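We call the chains A, B, C, D and E, going by the order they appear; numbering starts again at 1 in every chain.
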Amino acid sequence: ACGPSAGTPSDAAADDSSANSSSEANATARTLDEIKESGKIKIAVFSDKAPFGYVDQDGKYQGYDVYFAERLAKDLGVEPEYTSVDPAARVDVLTSNKVDLVLANFTVTDERKEKVDFAKPYMKVALGVVSPESAPITDVSQLDGKTLIIAKGTTAETWFEKNAPNVNLQKYDQYADAYNALLDGRGDAFSTDNTEVLAWAKSNPGFTVGITHLGDDDTIAPAVQKGNKELLDWVNEEIDKLGEENFFHKDYEETLQPVYGDEVDPDEIVVEGGNV
Amino acid sequence: MFDWSFVHRYAPFFVNGTLMTLFISIFGILLAIAVGLVCAGIELARIPVARQIVRVYIELSRNTPLLVQLYFLYFGLPKLGIVWSAEACAIIGLGFLGGSYMAEAMRGGLEAVPEVQRETAYVLGLSPMQSISRVVLPQAISTAVPGIVANVIFLIKESSVVSAIALADVMYMAKDLIGMYYSTYESLFLLVVSYLVILLPISIAGTWLERRFDYARR
Amino acid sequence: MQGAEILLQPGVFPRLLQGLWVTVWIAGVSVGLSIPVGLLTGWLMTLNNRVVKVIMRVYLDFIRIMPQLALLFLAYYGFARWFDWNLDATGACVLVFVLWGGAELGDLVRGALVSIPEVQFESSYVLGLNAWQTFSRVILPQALRRLLPASVNLATRIVKTTSLAVLLGVVEVIKVGQQIIDANRFQYPSGTLWIYGVIFFMYFIVCWPLSIVARRLEKRWAND
Amino acid sequence: MTEQPALSVSNLTKQYANADHPVLDDISFTVPKGKVFVVVGPSGSGKSTLLRTIAGLEPIQGGTIALDGEVIETGRPDSAKAGRSRRSSALRTRIGMVFQSYDLFPNKTVLGNITLAPTLVQKRDRAEAEREAVKLLERVGLADRKDAWPHELSGGQRQRVAICRALILHPEVLLFDEVTAALDPEMVREVLDVMLGLAKSGQTMMIVTHEMNFARAIADHVILLDGGHIVEESDDAHAFFTNPNTERAQQFLRTFEFE
Amino acid sequence: MTEQPALSVSNLTKQYANADHPVLDDISFTVPKGKVFVVVGPSGSGKSTLLRTIAGLEPIQGGTIALDGEVIETGRPDSAKAGRSRRSSALRTRIGMVFQSYDLFPNKTVLGNITLAPTLVQKRDRAEAEREAVKLLERVGLADRKDAWPHELSGGQRQRVAICRALILHPEVLLFDEVTAALDPEMVREVLDVMLGLAKSGQTMMIVTHEMNFARAIADHVILLDGGHIVEESDDAHAFFTNPNTERAQQFLRTFEFE
């Protein structure tokens, strides 16, 4: 990244040495060696999707995805350098080589597989729909003619575009905007990954997840640029290795447990060693 | 690489986006013109307190970005219990931003009419109303038109940020299609074409209009 | 007003200021690079070469007719692929603002150069000044004077337009604001109002002095 | 018994707001009907201001202005900041004025400029007004330009149209404020010739000019204004211009002579 | 044997690009050293063009221009579209010119305007140039305004500074193109007085003017230009202005007389 950064103040100072991203005159991914040499791995995460990827009050990146990212960087022996992405930008940051790795609650889909390479999954999801308790949405059919809030570039968007043509979709670039819109009553419900809406409804009194399971069970996985086999293989190995030490359960306890409490069974969400 | 069938399939989306862009822009511009007229009137008539308010408004509007104005209206105001629809926010935002630019263009037009024109009208016996409608306004318009046309184009361009508050304009369509189908080239192509379709005719019409009103060349 | 305490939370203001610094940095670098680009394009536009004229016309018209946000998207998503350039969001912003600022400034430079009365060239000729002396001692100083107020105004516009960077995902003042709003949603549900309000005034405080300077310069040099 | 003067100004005093002394100080004179009254004087002496007060464009602080025996303006000491005088439309049409700067309405053709006031203010029939306009244009040699726009005319042509525009209202007095100052010499001549013609036809006129040869030729009556006072006044233009009485007048006229 | 003339023009022909006949057609005359050569004529007769060709601002299509006996410009038939003549800096400083429109450099003070060319082109010492500049300013009555900016000066003051700016280069010939046309009468006088002073001091000058009284007073030699030709030429200014030989000249001079 060229220029100063306000997201990760701790990284800002180190940025001076890394004007490399724009001086490098090609969009092919960096090899493992190149990453190691530069001392930094560039990872795209969300900055507004608590508790998966967000920036806390001190300006530090936190969350389930970030916890994993920290570990990957550590194992690679480099510093992580985070880039905040909007959901819709996750493919393009890879194809244009703006980051090495995407760890932004990236659901594996067929369309996406054509554009990027996914590693083994570390989470599983379906879609969920959150709505005000006063007018709960418990079935998709209830949404006919109503307004559903969506974040652009999410699996929820694709699913509703394909399967629910009678629903008016109100699309935002960012999760934060979408949640705000729901809070301000600009739509009747909001749909995204069920993990997400469950967590959000827990901490937002007055809202309930009326639909907890919609569409296929999907998995969430790290993604690298298409063809970057070296990095992909290494990430897969890491996931295998981490599975042995039950890393993702630990991750869950650290980042998700405080939000979900005991109501959710960690095994409904967490995937260890890539085995769904 | 370039997928024409995609362009073909999704062109209707951009037609809708174009309509939304035009809808928001037209009402925003009309509001801006109304606000501009009121402000220019207040400034020229030197109404004491209103004049100070207009000054403050113009400075605020000219020195802040539309995007922030929109975020404030759309996400901020509901916390005070004021919930306006996205369309309303966009139109009010454009009107708020454009009002000061329009006011300036109009004031410039009125001030460009030389004092001797008003004096001549007086000496010829014209009443104040006749002087304004027959002498001052027609000349003011001719100087103000280029500025107003430039502002119209400026406001249409600025309207591209309304996609941030979930209005399905041209920009929104492009971002949406990139996000859903990763068809970056095609979407960007449709984006550029849509804006050319909207803005080129307006730009040409503007040039024509300027020439039409240019009888004041001296 | 309830909720305003969010602004007093430790870290909130410093982080917003840090975000503002990113905004100002992008604007500053863009303005700085726009100046040489603008001088060059302005000079090119005064040339009587038909090819150069057409190229400059197309460049200027395209940049002027496209919304800045569309240009940002073209640069961020398009350029990286078409030209195999690896531009990050900040780089894309700077590139667009420099191309845009350069075009606008170029037009101002052209306008300033052609507005110098012919008699200034002629007096210089009669006094024996050579072409370079005429340009550097007589024409350029006068052109710069005419140029400066409009250029300061352009800088204000560039600062305002940096707000669009957030839509490419640059973590600048608006994005930081959104992160703060998100992180404090439960303690301060009405934080949105205050944070966006503060950002609104932050932009104002950066742009307003520039506007005042531009107006002063304009007034002062109006009768020269 | 002498005839009623067209215009009579008595003890006129004019002071601009924020100025520390009056621009016109206790000025009195009369303009007889059908005569040409010329005002000369150095720059800043108050010539334009004098014409403007008579036209009602500036309030006066003392004295009176009477048109055909009827007082149309009375000085009020507190009026320095007031705007134009609140004269009736009908009254205003009785005094015509032509300015130095081209003051045609750029948004109207030559004919439109001339017929605007008669149709709008005097409610005259458009066709009749146009007929008279064309007659006037013929008189100043511009009948063929009646449909031209002001920007298509030379400076001299514009001033001649401005004269027609004033004449069509049949003003009792016509005021000219350096109407040729911004013109090229050839054009100066064409405008001055029109004014000489008017003088012959018996139009009452008050003329401010720097063209001394012209002033000598046209004036029935001359005053020299300096520092807001009438320094010299004469019924005999020839005598005034060749051999003025006062030292100040001699000095003023010398600026137009060489050796 | 007569002295070498300061300037001599032979068979000069000038035609603007796209024009169907020449603006100056086979013009010849000489300007003797130390004399004042006045050019009069109606608007569009080519007076400005004549001065501009001599100054090198316009290419000529025929004839020659010689300065102090040395040919500095030769006509080339194909040069209509060429720009300014490619004279050396040194040669250009030998002919001075003052324009009608205020041509001071607005980005320099009075002193800066005057000393620019001597220090930059003639490489003279700044202090020495400034001393001479101040002396020249004294001569035109502006010594106290040496640090003023052009926009702070009246029109007449600007023209006087422009004259100093030309004089400091000690030009062999000084050209004046209607330098008082845009000025108020008082200012006209102050500028013309400076020119009369220069004439007395023996400066060779070529003057285009519409001030006939002034022309009569200053001219050693007069030509009347009309339609690109010299219609009348005279060594006796008084005779020319009171009783010209040609019908055209009589007619021209009548435009400045009234009855």
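The working rule: a contact is a pair of C-beta atoms (placed from the backbone, for glycine too) under 8 Å apart; a residue touches a chain by one contact, two chains touch by 3 or more.
No experiment lies behind these values; they were computed from the predicted model shown.
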{"item": "Graph distance between subunit A and subunit C, where chains that touch are linked", "value": "1"}
{"item": "Topological distance between subunit C and subunit D, in contact steps", "value": "2"}
{"item": "Chain located farthest away, centre of subunit E as origin (C-alpha)", "value": "A"}
{"item": "Furthest chain, CA centroid comparison against subunit D", "value": "A"}
{"item": "Cα-centroid distance, subunit C relative to subunit E, in whole angstrom", "value": "48"}
{"item": "Chain centre separation (subunit A, subunit B; CA means) in Å", "value": "38"}
{"item": "Centroid distance [mean C-alpha coordinates] between subunit C and subunit B, Å", "value": "20"}
{"item": "For subunit A, residues contacting two or more additional chains", "value": "89, 92, 95, 173, 177, 180, 183"}
{"item": "Shared interface positions of subunit B, touching two or more other chains", "value": "75, 78, 164, 175, 178, 184"}
{"item": "Chains grouped in pairs wherever the two touch, ordered by label", "value": "A-B, A-C, B-C, B-D, C-E, D-E"}
{"item": "Residues of subunit D defined as touching subunit E within the complex", "value": "42-43, 181, 184-186, 189, 192, 196, 210, 213-214, 216-218, 255-259"}
{"item": "In the complex with subunit E, residue positions of subunit C that touch it", "value": "117, 119-120, 122-123, 125-130, 133, 137-138, 141-142, 145, 223-224"}
{"item": "Interfacial residue positions of subunit B with respect to subunit D in the complex", "value": "114, 116-117, 119-120, 122-127, 130, 134-135, 138-139, 142, 215-218"}
{"item": "Parts of subunit B lying in touch with subunit C, wherever the complex brings them together", "value": "59-60, 62-69, 71-72, 75-80, 153, 156-161, 164, 171, 174-175, 178, 184-185, 188, 191-192, 195-196, 199-200, 203"}
{"item": "Touch list for subunit A against partner subunit C, complex", "value": "1-7, 9, 21-22, 24-27, 47-48, 50, 54-59, 83-86, 89, 92, 95-98, 173-177, 179-180, 183, 203-204"}
